[in-house]
Amino acid sequence: MHVVRIAVAGASGYAGGELLRLLLVHPDVEIGALTAGGSAGTPLAQHQPHLLPLADRILSDTNAETLAGHDVVFLALPHGKSAELAAELGPDTVVIDCGADHRLTDADAWTRWYGGEYAGSWPYGLPELPGARDALRGTKRVAVPGCYPTAISLALFPALAAGLAEPDVVITAVTGTSGAGKSLKPHLLGAEVMGSLSAYGVGGVHRHTPEIAQNLSVAAGTPVTVSFTPVLAPLPRGILASCSAPLIGDGAAARETYAKAYADEPFVHLLPEGVWPTTAATLGSNTVHLQVTVDPDARRLIAVAAIDNLTKGTAGGAVQCMNLALGLPETVGLPFTGVAP
Amino acid sequence: MHVVRIAVAGASGYAGGELLRLLLVHPDVEIGALTAGGSAGTPLAQHQPHLLPLADRILSDTNAETLAGHDVVFLALPHGKSAELAAELGPDTVVIDCGADHRLTDADAWTRWYGGEYAGSWPYGLPELPGARDALRGTKRVAVPGCYPTAISLALFPALAAGLAEPDVVITAVTGTSGAGKSLKPHLLGAEVMGSLSAYGVGGVHRHTPEIAQNLSVAAGTPVTVSFTPVLAPLPRGILASCSAPLIGDGAAARETYAKAYADEPFVHLLPEGVWPTTAATLGSNTVHLQVTVDPDARRLIAVAAIDNLTKGTAGGAVQCMNLALGLPETVGLPFTGVAP
Amino acid sequence: MHVVRIAVAGASGYAGGELLRLLLVHPDVEIGALTAGGSAGTPLAQHQPHLLPLADRILSDTNAETLAGHDVVFLALPHGKSAELAAELGPDTVVIDCGADHRLTDADAWTRWYGGEYAGSWPYGLPELPGARDALRGTKRVAVPGCYPTAISLALFPALAAGLAEPDVVITAVTGTSGAGKSLKPHLLGAEVMGSLSAYGVGGVHRHTPEIAQNLSVAAGTPVTVSFTPVLAPLPRGILASCSAPLIGDGAAARETYAKAYADEPFVHLLPEGVWPTTAATLGSNTVHLQVTVDPDARRLIAVAAIDNLTKGTAGGAVQCMNLALGLPETVGLPFTGVAP
Amino acid sequence: MHVVRIAVAGASGYAGGELLRLLLVHPDVEIGALTAGGSAGTPLAQHQPHLLPLADRILSDTNAETLAGHDVVFLALPHGKSAELAAELGPDTVVIDCGADHRLTDADAWTRWYGGEYAGSWPYGLPELPGARDALRGTKRVAVPGCYPTAISLALFPALAAGLAEPDVVITAVTGTSGAGKSLKPHLLGAEVMGSLSAYGVGGVHRHTPEIAQNLSVAAGTPVTVSFTPVLAPLPRGILASCSAPLIGDGAAARETYAKAYADEPFVHLLPEGVWPTTAATLGSNTVHLQVTVDPDARRLIAVAAIDNLTKGTAGGAVQCMNLALGLPETVGLPFTGVAP
């Protein structure tokens, strides 16, 4: 295969930085334009001091011109900024949107949760969901999932698809602070987050809720009700999603169902019985660590998934989709091991 | 009132240290014997370097003799170690057990969850629960609640007592690592916990589950089903409990119900609408920060509580009960403000 | 004594919050006006959710009018903002400046390090320095030291005053991130500081350098050369100062010298031989934990001090000075125990 | 080149885990025996859950038999355990000792600092030191440096070699807690280290002191006096070394000297002027981020280096040496980018 020339729009942010960290060691990729908004004109090292091999690269302005002439363009932009720009990129360019603009298939849901004009949906970049991989092979457009929906959908879909649990799920997911991006908000200051746990977006108001419902409803073949509470914890990276739903039957088939669902998935790892996931084991890797059990007293099926929100939850998932879109081996260039301790 | 002479059994551990931190500034208390197991004979400073005024105190051996002659004896011992010792302390001594030995009212539940001989139950040390305060006034025996049950019971009982939610609750509670005590286990090492989130005791196997069910069932007047998932997060102290249950009706009365339930409670603070609790705001204080809302799509009532697991969750709650047992003002010597940031 | 009515200018920041945490439990104090800049008009709870008893207080605008009519005014303002405002406060008001405006006694040093007009110096609020306490008794003006100078001056002055070490000191001090205040800067974001250590202000360019030199030179009776490197570490509070200087003689008298220097100091605690300070033991307390030793191979005296930068390093020191200024017992209202673990 | 078959002794510890993380993606390596002490017989996943591809490997007992038949044997054992074992491994096997047994060239120094029998010294595994690389090419034995000596030697040797600074250095180095290994000691518990900074091994008693002195003395061509204070900080990985020495001359040549010293070094990165290192930028990478400056007032040269103690500080350095020993390209299989934020 010829070398794939890629561009990253939003290279100064956390998602952009993680894309570059992965793409730097991807054997088939050459890194082209790196663009930014207010930081255009500054060297990448100022924003991403960990990316030594690109330290001296100067950020261009994010626009269709600077992004032209690449085989693949990754958009790591604030929600609502991708659609217009993507429309200006040629139909032969593979455009991989790490934002939310093209994730929802329901126009009304889009309007309700994001406002603004609905831009339509693109193939959804979670290859492990039933049917998703086929839609991603050879595609020119990918909507990368949100980090929470990645962890939660993979934790719950096998149970719902197999009819092991009611379509009425309750989720509390704990996350590191990089999920909020490099935003200068007081509650994201180090002194505020270290030593503290806080809930936010409680009561079904987090924008990832409809995306979770969409994924799980497809899997269940029926509308799934989603109660989702996100919690901010003092670590830079990682999501631990604690998910449950009322049992149908006794749940005896739970483990086997999950083992079968993920038997051939290279990045999803069902842990040995009795072992529960830790986010540290996934740090910087594209893996999902997963466990499932049944609480016979509460009559609920419980699944817990751990991911790195920036890797499998964003940039790693995006590169996995790029591989599929380009017909490369799906796992190429992606780490299977976390950085621990 | 004359000076109250107190002793702490288990003074080298986290609960013991927190008891002493609070009792050192309690105006009516004089600190007597400090005892330990393997650390007997060593100075307290070696275990609690933050407790300067007691730095040179030598730890005695934990036994009925060293604990005799005090008005109040706090037992901060591993589960299962309190009952026998308490039986040797005189009936006129106020004995406050921070362990689990006397928390459960059901002998079968005790046997199932803890094994060993059931020691009977004592007045339950969560004064904010309906009826609990009266049982604590003048008592000679107090069973201090577990840290999780403290946060969770206060988050949920008003809704269940008022019939706003079904008796079928789902809880994910995130905790700092001091909750596990000063145990030398690999998964509690700093290098393991920093930068990681992990679930444990999933599927209804955590020993706090029956205690939560007991409290909530009394409040609801009917057996309550409890699904409880604890999560370990990288901070020393703090519990954030994310709790929910299916709505009965539309939940319009939720906020008013909680406001009324806690109107006269000095330590429980219902936050302004739209503000969610952070554990940092409760650090080192005896307060509970609480919020409640309704998710109309998921048709669930959701309540989130934050406490310091060592203060309100253990030692602060214990001192609050001591005040009640001795007929002192309930809040004396207890901090209302957290140490933040 | 009548109740002391106090005001805090800058009540929305970290120093202001810590002042209020301490003053809320000070037995002789009534809390009056709380003022802010851009946050004027908002309730304190929005900025200091841990200060429950003041949750509903509305912040006034910071100006001489709102601050008038108090016995004591604390200024917790950005550097350079105190001098003008202080000049408008009556000469009978005790004004305690937590900023840098009145710390340096040398006008040229002021101009070099801070620029702008020199406002003169006030009695220096570190009572443990030789001579300082007398100047603070009954004063109407106090310049509260910087957090680094507090830790470092106390770590080194006994050795310099006793001629045990050359007046040529090398210091690396590690700090939590609250020392930088509630500034919205990218490098202070939680995701940036957690899991990272970074040096800053290296090479003698940190503004606390001349203040350290001033204190140590007075103690030594000769100009002291100061090499100071601050390091930012992932914790909210705490300074650990590692300080050394070339030995004069064999240093055999070091421990005795320090023990004597601090024998009567209520807040400075020389640890037992071989025990080294931890900042956690000082969290939220007004104490200094200190150790000194001699390295015979390197021929240096080494002293290490731990403080809480917001308590003894700022607000606690300020309250200690208020006590002296008002003729109250010096330690009243100030915590001797840290919040640990 | 044929595939290199490697074994790791001590695969359950932190150094062993990091070796495996790196070797798993090394293109020329096949992972053979993994051995342990007390953990022999258990699967690797129990100790290193982040190393998915090796999850099911069962740990063998650490002895010469299980380690036989490999091209390269890495010893990641407690100090004092390597020498005897290494003597039993064939002379054709490349033995890379991550412990201290063969680091010191001076037998008396060995006896003073480590006690026990001196095992002799091996080629020192810090290729960036003058002369070191040549000794490593084709060698069958490598003594991997300590993590502190790696950071500190690289921070200071160019200045000493060039005669820019006196041979009398003062170092305070801050470290994450993985440097202490997976030891079950109370002060390493998460609840103790989070939120705390602590000094240890102060006064020249840390065992890395003679190794630092050895390296710097060779570079300076004269004995170098070393004052070394290590500080423990709340992060899993990372060392930030703050190093200084009295200036000779005006230090004008400092930057140029460092730039020249490291111009051809692939892993050592002198940051742009005015930019100071952060450990996060090196997390999981084999890089050293470095800055040097001059303090004209204090007349000292100051250099600060950041590394990941487990990567460049241990396992990455070890793999770099393996590459040299085997005649492979020095950088193959080693990461140049950190995992940040």
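Letters are used for the chains, namely A, B, C and D, taken in the order the chains are written, and counting of residues starts over at 1 for each.
Everything below uses one rule, namely that a contact is a pair of C-beta atoms (placed from the backbone, for glycine too) under 8 Å apart; a residue touches a chain by one contact, two chains touch by 3 or more.
Here the structure is a predicted model, which is why all the values come from computation and not from measurement.
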Other chains in touch with both subunit A and subunit D: B, C
Comparison of B-C and A-B (more C-beta pairs in contact): A-B
Intercentroid distance (Cα basis), subunit C paired with subunit B, Å: 35
Distance between chain centroids, defined by C-alpha means - subunit A, subunit C (Å): 45
Contacts with two or more other chains, residues of subunit B listed in rising order: 14, 176, 178, 189, 191-192, 194-195, 234-237, 278, 280-281, 283, 340-341
Contact footprint of subunit C on subunit B as seen in their complex: 14, 17, 21, 24-25, 45, 48-53, 55, 178, 194-195, 236-237, 269, 271-272, 275, 278, 280-285, 287, 289, 335-341
Of subunit A, residues touching subunit B in the complex: 168, 170, 172, 174, 176, 189, 191-192, 194-200, 202-204, 209, 225-229, 231, 233-240, 242, 244, 276-281, 283, 291, 293-300, 302, 304, 306, 340-341
Contacting residues of subunit B [partner subunit D, same complex]: 14, 176-178, 180, 182, 184-186, 188-195, 234-237
